[in-house]
Amino acid sequence: MTEAFTHRLRVRYSECDPQGVVFNANYVTYFDIALTELWREAIGPYADMMAAGADMVVAETRVRYLAPARFDDVLDISIVPTRLGNTAMTTGMEVRLGETLVVEGEMRHVFVDTRSGLKRPIPDDVRRGLEPYAVDLAGEASAPAP
Amino acid sequence: MTEAFTHRLRVRYSECDPQGVVFNANYVTYFDIALTELWREAIGPYADMMAAGADMVVAETRVRYLAPARFDDVLDISIVPTRLGNTAMTTGMEVRLGETLVVEGEMRHVFVDTRSGLKRPIPDDVRRGLEPYAVDLAGEASAPAP
Amino acid sequence: MTEAFTHRLRVRYSECDPQGVVFNANYVTYFDIALTELWREAIGPYADMMAAGADMVVAETRVRYLAPARFDDVLDISIVPTRLGNTAMTTGMEVRLGETLVVEGEMRHVFVDTRSGLKRPIPDDVRRGLEPYAVDLAGEASAPAP
Amino acid sequence: MTEAFTHRLRVRYSECDPQGVVFNANYVTYFDIALTELWREAIGPYADMMAAGADMVVAETRVRYLAPARFDDVLDISIVPTRLGNTAMTTGMEVRLGETLVVEGEMRHVFVDTRSGLKRPIPDDVRRGLEPYAVDLAGEASAPAP
């Protein structure tokens, strides 16, 4: 059983719109913040990976908005790597306000060489660091043929 | 033949990140800006719809990042309603830098009553206003059976 | 002796610009965040004051930028009320990265009635709550005549 | 007589807060946007100056908030260089909604070498380009003694 990594943050006044709720684009920023914190816990400061010559660019984002969150609400953002490919990573995101699922989403990142900007394999230490936080990735491949 | 509504904007310095490119979440804001401008051209000021008792909330956003855009770039954001349901609308978005497709995405909005916050049908004037900008919606339903 | 209230936060990637440093306008947002947290500690949730019919609007902001801060830096934002007038409050802000003073600033807020939007006196519980965090305000008024 | 450079922009939904007005920090971003446009008209694209080895950093910002602006409002941001020193420039900013003065402010920028990050004199073409947009700077020094 994997337990999702969770980062807690408080909604800022500037992140809310005239409807009084978190402006929709800001959840994508929340995903980014949570990913930085997963990095810190699982691998180390994100800047260290960049200094070592690797970076990530976002290839795809998907967000479903299920309930509103408001100024001063405390949100729990959980994040689970669901696919660690050769050069790309997919992560699932859930934002909760207490028991309420506020947002569900997914991001796909591609690893690139910081100098050339070209795709590169996921660095070994990143892969090793993320595996304990991922869903049973081996299971994807090892499903017995029918 | 439908021609997409297009809104042009210039990338602001504050919208770019240390990689020197538009931060990924900002494209979702660009979608929102373009939708406001489609409203102005097709229906009228967005605030007029709110004053008349209807508003929209975002239910889903999807973004694919295909090429980078940078500070001071001029982007063309085209937007096409692809589904006008009873209470919900889906729009397709494309962001171009000259001929280059930078981002492709989709949003789904649900119409709500401003007082109750509950779902409500798309207002008639909104539907009539958007139809000329939409892909051939009737075609979806009228495709002959094979 | 007054000890300043301090709120700690970590610089987000989206808050940094292509120079690799926190974009200048974001420090004004940091001031706002720190003020919300001073409220929580000194008085209670900011929303409670609004529910009781009082709100604040910003009348003036001043920021001096002394040193850069970067992605993932941990900043300490200290805030000291320097004037509690009848309807207005002035606060001094300092943002530090370790021992380095990154930004120094000041904000002036005016209290308003949430319904009318008109100026109103600082609520009593707000004044009582803030006084222990303020510089010696009494001193201003009680200076003996020469 | 100098006529101020003015840049017009429309308030975005995401720039407004739960009070329904432009969040205070966003005016500092508006100043930055207007300055980029003054550059384009007076000197050329800002990126050209950076490519030539010079950049600016903000040293000080001051904002006075006089009236609210709301979603979809069209604002005129006028900007006047009030001091062109050896390595620093001061500009005055005014934001208007029709005839109403919404915000009045000031920024001070310091010119730096892009490689070393150290102060450098204002490039000659920048000085020549800005002078026609400035208040009568010579007048400051040449005022006759009483």
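Order as written gives the chain letters A, B, C and D; numbering starts at 1 within each chain.
By definition in this document, a contact is a pair of C-beta atoms (placed from the backbone, for glycine too) under 8 Å apart; a residue touches a chain by one contact, two chains touch by 3 or more.
Computed from a predicted model, the values in this text were never measured in an experiment.
For chain pairs C-D and A-D, the one joined by more C-beta pairs in contact is C-D.
Centre-to-centre separation between subunit A and subunit C, using Cα means, comes to 32 Å.
Put simply, the C-alpha centre of subunit C and that of subunit D have 25 angstrom between them. Averaging C-alpha coordinates per chain places the centre of subunit A 37 Å away from that of subunit D. Residue positions of subunit C touching 2 or more other chains: 13-14, 23, 25, 29, 32, 71. A complete topology is adopted by the chain contact network, contact being made between every pair of chains. Across the complex, subunit C meets subunit A through its residues 12-14, 29, 32-33, 36, 45-47, 71-72. Considering their complex, residues 19, 23-26, 28-29, 32, 55, 57-65 of subunit C touch subunit D.
Subunit A makes touch with subunit D in their complex at residues 13-14, 16-18, 20, 23, 25, 71.
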